[in-house]
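You will see subunit A twice below: alongside subunit B first, and alongside subunit C after that.
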Partner chain A sequence: MSMIEIRNLVKRYKDTVALDHLNLDIEEGEIFGLLGPNGSGKTTVINCLLALLKFDKGSIKIFGQEMEPDSYEIKRQIGIVMQNVAVFHELTVYENIDYFCGLYVPDKRERKKLVEEAIAFTGLEGYEKKRPKKLSGGLLRRLNIACGIAHKPRLIILDEPTVAVDPQSRNKILEGICQMNRQGSTIIYTSHYMEEVEQICSRIAILDKGRCLALGTKEELKNMIKTGEKVHVEGIHLTPEQLEVICHMPQVFSTVYEDADLTLRFQGTGSHLLGLLHYMEEENLTCGRCFSELPTLNDVFLEITGKELRD
Partner chain B sequence: MLQIMKRQILVNIREKSNIFWTMLFPLILSTLFHFTLGGTIGEHAMEDIRAAFVTDQNADSQEEEAFLKYLESFDQDWFQIIPMSQEEAREALKNDEILGIFYGGEEKKLVIGEDSTYTSILSQTLEIYEKNEHMLAQIVKEHPENLQAAAEAMGEWGTYTETVTFRGDSLDYTQNYFFALIAMTCLYGSFMGMYNTVGVQANTSDLGARLAAGCVKRYKTITASLLSSWLISFAEVLVLLFYMDAVLGDIHIGEQGGEILLICFVATLYSSSIGMVIGTVGTWSTNLKNGIIVAESLACSFAADLMISGVKETIETYVPVINRINPGALITDAFYSVLIYEDGEKYFRSLSLLTFFGILLLGAAVLSMRRMRYESI
Partner chain C sequence: MKVYKGYLIALKRNVSTVILYCTIFFGVAVSMVYLSNRGENTGAYSQERLAIGIVDRDNSLWSQALEKYLEQYHDVTVMEDDMDELAEAVYGRRIRYAVIIPENFYEECIQGERKVESVTESGSQWEYYVNSRVDNFINSARVYLAGGYTQEEAAENVLDTADIQAQVELESSREDLGIYNVFRFMPYLYFSILCFVLGLIQKEYQNIDIRRRLEASSMTLKNKNIQSLLAFLTVGIFSWILCEGIGIATCFSEFWSSPNKWLILLNGFTIMLGALAAAFFVGSMARTEAAVNGMANVLSLGFCFLGGIFVPLELLTGVVRRIGQFFPTYWYAQNISILSFNETLTDSLKTTLIQGMGIQILFALACVAVALTVGKARRQEE
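Moving on, here comes the complex of A and B:
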């Protein structure tokens, strides 16, 4: 049995369909990524999961039980890190973590230990007595996370926790998420940053317009699409005849040539860069830069929806 | 629940702008009132009336003496008759040392100076004497046997009016301002009620969403939210009362502490509840809700005489129902009833109405807040 079962979930905001018959199963122990552009329905899924939002149709089960607003025993085992920083600006870092942890752990001594662990875990040592207003954006995000995970929940939901965070803090946060997962927590991670999702998630659901377009491991998702390799050549000047030849090279299924930049998409496995370089040598063609890359989740999204993930 | 409440109180106390407007601002205002209006307390008390008496050397000395005796019979701290020569009297009147000159003689006269404030009192004094003199002359002529009895009756001053005691305190219109200021401070409890409510609702704040997603039962969150705002606003009113009573001395609570505390307790329940109602209404921004509370508090305080004295009385004359629903008017009425008039009935009416509306608003707020799932967040 899955830890979370979402069946046929429909949520409408007047005429807008935010979730369109969504089905998801999330297994215990995984880092499950919800990937999609802004407005795709990621946060709506989270709010429905937490029983904060009414939905029009469908059901949600967590730990095998129907999730209701008064399912306090289920909620006790969930940690939530909101998209926006949700802390008290009048309390210090320590007091904030202690307060939110205290909602789940009444015992003072146990709580003290957990709060200290959360501070160490999120790298907030030395900032305990500071008020949130004195923290940088990255530290504030870490505090937001510490408040959500201090009580060591079985399920942790992180809704875009790295928005507007510097690379150093982002890496720290991502490392922390993996560590929490190793310690036994199941993670639901929403983001519109495909690199992050690709980096940490064991399974990914790609959402768009409230629908789940694809679901699987990153390898499974990439195998769903035609693109096997992408080759970029920058600063190359081609005649129409030369471009025609390139377009008809084996396994090329998409060619984009704009402003002296060429992008080729090859289907199937294997490297096709050498073949292209051979042709350029024969034709005495020069270029500024030439590289090959494997398909990303953005390519998956692009092929499925016809638009970029960040459009 | 206690933990949520403790934290909420800590948050409220540390919120500087909140504390400024709900506690420091009323304290500053009361200090300003003390130094501006406080100086006018007693300004309208009666000044001493000093007048001269000038004897007419050609008149009957017995008659002159009788007139002087009559004038001196008023001789109290506030009314003094000083016998003077004509020159001395004129000089004194010119220098504003006296307010008028009584001239003796067959035809008695009164000369008033430029300050005509007390003209009526002085002219009445002369008028009464002339009437009595005329009456006695009539009695001598028509019923000489009753002269003795008439003279005795005139000598006895009858009191036909009863002084209403204001608990020993004098009624002063400046009290309006101080009571209205206390009312305004009670009403400012709405800020705390609103902030705390916004902070625990998933559809109004991220913090609220975090709390609602947690495992604390809803009724505990609502109760903690109400109690913390109520207690803080009540404590703030207590601070103001102490300051106005013990430090500034503009109000004198004395033995009426119990009644005053009770009305403030109920008034802050009312204001916390109305703040909670505003906090639950829609997903408007906190700034807009703040604005609504400022407008509501000031409108109620204005109608309770905070800015201009006499507004409440005018409303009472034309639309009394407004005074029955305006918490500002109800609070000031209760204060008047306890500290000025000893009017238990009016106090009880104000207390009952505030309690009734407070509970009504609280019920509405709780009904709205107990919702746990929202259409949109």
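Moving on, here comes the complex of A and C:
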């Protein structure tokens, strides 16, 4: 049985359909990524999961039980890290973590230990007595995470936790998420940064307009699409005949040649760069720079929806 | 009790604001009591003669008696029966008040219930002053006529009574009563402290992300609400002890010798509830710190100016008084006035006091209900 079962979930905001018959199964122990552009329904799914929003149709089961606004026993095992930093500006770092941990753990001694662990985990040592106003953006995000995970939940939901965070803090946050997963927590991670999702998630669902367009591991998703390797050659001067030959190379399905820059898209798996370089050697062609790219989740999204992930 | 403690920790961070307000208030209160105790204002009242005009449409025994009666108190000028001219004279301040004695004055005004017409500045103090003189004349005439006197005898007796003057010497005036001067301004302290401090704390709890984090937690909604309510009451009682304590310290002996001291404290408690509700309203409505400051200023100053805290109730004009009745400060001011100047409370005064306190509590409940309703509508929008 899955840890989370979402069946035919429909949520409407007046005339806008935010979730359109969404079905998802999330297994215990995985890092599950919800990937989609802004407005695709990621946060709405999270809010429905936590029973913060009433949905129009469908059902949500967490830990095998129906999720309701008063399912406090289920909520006890969930940690939430909001998209925006949700902390009290009047309280210090320590007091904030202690406050939110105290909503789940009434025992003071146990809570003290958990708060200290959360501070150590998020690297907030030395900032315990500082007020949030005095923290940088990255530290604030870490505090936001510490407030959500201090009670050591079985399921952690992170809603775009790295928005507006510097690369150093982002790496620290992503490392922390993987560590929490290794310690046994199941993670739901929403983002519109495909690199992050690709880096940490074991399974990914691509959402757009409230619908799940594709679901699987990153390899499975990439195999779903036609685009394989992409080869770019810069500063190459081709005659029309040479270009014609290149266009008809095996598995090439798209060729773009503009201002001495050539971009080739190949179907299927495997590398095709060597074949192209061999042809260039035969024809005595020189170039400035030459490189190949494997397909990304953005390519997957582009091919499925016809638009860029960040449109 | 995490939610409850959260409020108190946040309050501790803002205690400097509370101390600042209290220190300023205490300083001002002490200086007011010191000035009033110098006894420069001990009441001495003199009768003022106003320039008034009379239009006599009746020209009878009683109309002439009224004219003579008023001449004993005011500088009377007989005017033409021209409403435009009368209005112009009042507007130009040549006269303060014009009395128009109607035809059949005896039948309609003394025997009947018709009012004597007048032209004056509506709501002004001379309107009340001259009206009361005319009413006195009519009431005295009715008393003598009911006593069996003929009309001539009655008119003569009414004019004679006008010669009797009582010497009034007040032991104290409003200006030299410490209790009145200090406790009258207490609502400003309550509204300022609670709206600024609790408003700021409550605003954070209305932040959508914090609210969602709280709703997503395993603490029941009922538990959270009870803890919030307890925190509000704790802060309210703390501020009540602090503010009333300042009041008592400022005029210590006068307060303890007052027979109404417990009612003064109770009246302070009811206005504190009103201020607490206003703070909840401010915290629920405002989205930014600047908005909290703005709303707290508007509420505290507005309520105090319109409710007769900064300006004594009797100096407020009719319209302002009517508007002021919607605010708890008006009823607080009325109650504190009763409690300061009446050593013995009659049943009627007790009723007025209870009514005043009840209205203050009703205001608090209405304020909370509006804040909850608007908050709910706003949450549904989000």
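Methods note: the second predicted complex is superposed on the first by the 300 of 311 C-alpha atoms of A that agree within 3 Å, B and C clash if a C-alpha of one lies under 4 Å from a C-alpha of the other, contacts with A are read in each partner's own complex, and residues count from 1 in each chain.
Definition applied: contacts are C-beta pairs under 8 Å (C-beta built on N, C-alpha and C of every residue); 3 or more make two chains touch, one makes a residue touch a chain.
Everything numeric here is computed off the predicted structure, so don't read it as measured data.
*Asks:* Following the overlay on subunit A, give me a clash-or-fit verdict for subunit B and subunit C.
*Replies:* Partners clash after overlay.
*Asks:* Mind working out whether A:13 is in touch with subunit B, subunit C, both or neither, as first, second, both or neither?
*Replies:* Touch partner of A:13: subunit B, not subunit C.
*Asks:* Could you look at A:146 and tell me whether it touches subunit B, subunit C, both or neither (first, second, both, neither)?
*Replies:* The answer is neither, since A:146 touches no partner chain.
*Asks:* Answer with first, second, both or neither: which of subunit B and subunit C does A:207 touch in the superposed model?
*Replies:* Neither partner.
*Asks:* Go through the superposed model and pick first if A:50 touches only subunit B, second if only subunit C, both, or neither.
*Replies:* Both partners, subunit B and subunit C.
*Asks:* For the superposed three-chain arrangement, which subunit B stretch in 9-17, 99-107, 117-125 or 135-143 runs into subunit C?
*Replies:* Only one listed stretch clashes with subunit C, namely 9-17.
*Asks:* Under the contact definition given at the top, report the residues of subunit A touching subunit B in one complex and subunit C in the other.
*Replies:* Overlap of subunit B and subunit C footprints on subunit A: residues 47, 50, 52, 69-70, 72-73, 75-76, 78, 80, 82-88, 90-91, 95, 99-100, 102-104, 147-148.
*Asks:* Which positions of subunit A touch subunit B when the two form their complex?
*Replies:* Going by the criterion above, the answer is residues 13, 47, 50-54, 69-70, 72-73, 75-76, 78, 80, 82-88, 90-91, 95, 99-100, 102-104, 106, 147-148.
*Asks:* Sort out for me which residues of subunit C touch subunit A in the complex.
*Replies:* These residues of subunit C touch subunit A: 2-3, 5-6, 9-10, 13-14, 200-201, 204, 207, 209-210, 212-221.
*Asks:* With touch defined as at the start, can you tell me which subunit A residues reach subunit C in the complex?
*Replies:* Per the touch definition, subunit A meets subunit C at residues 47, 50, 52, 69-70, 72-73, 75-76, 78, 80, 82-91, 95, 99-100, 102-104, 147-148.
*Asks:* Which residues of subunit B touch subunit A in the complex?
*Replies:* The touching residues are 3-4, 7, 10-11, 14-15, 202, 205-207, 209-218, 372-377.
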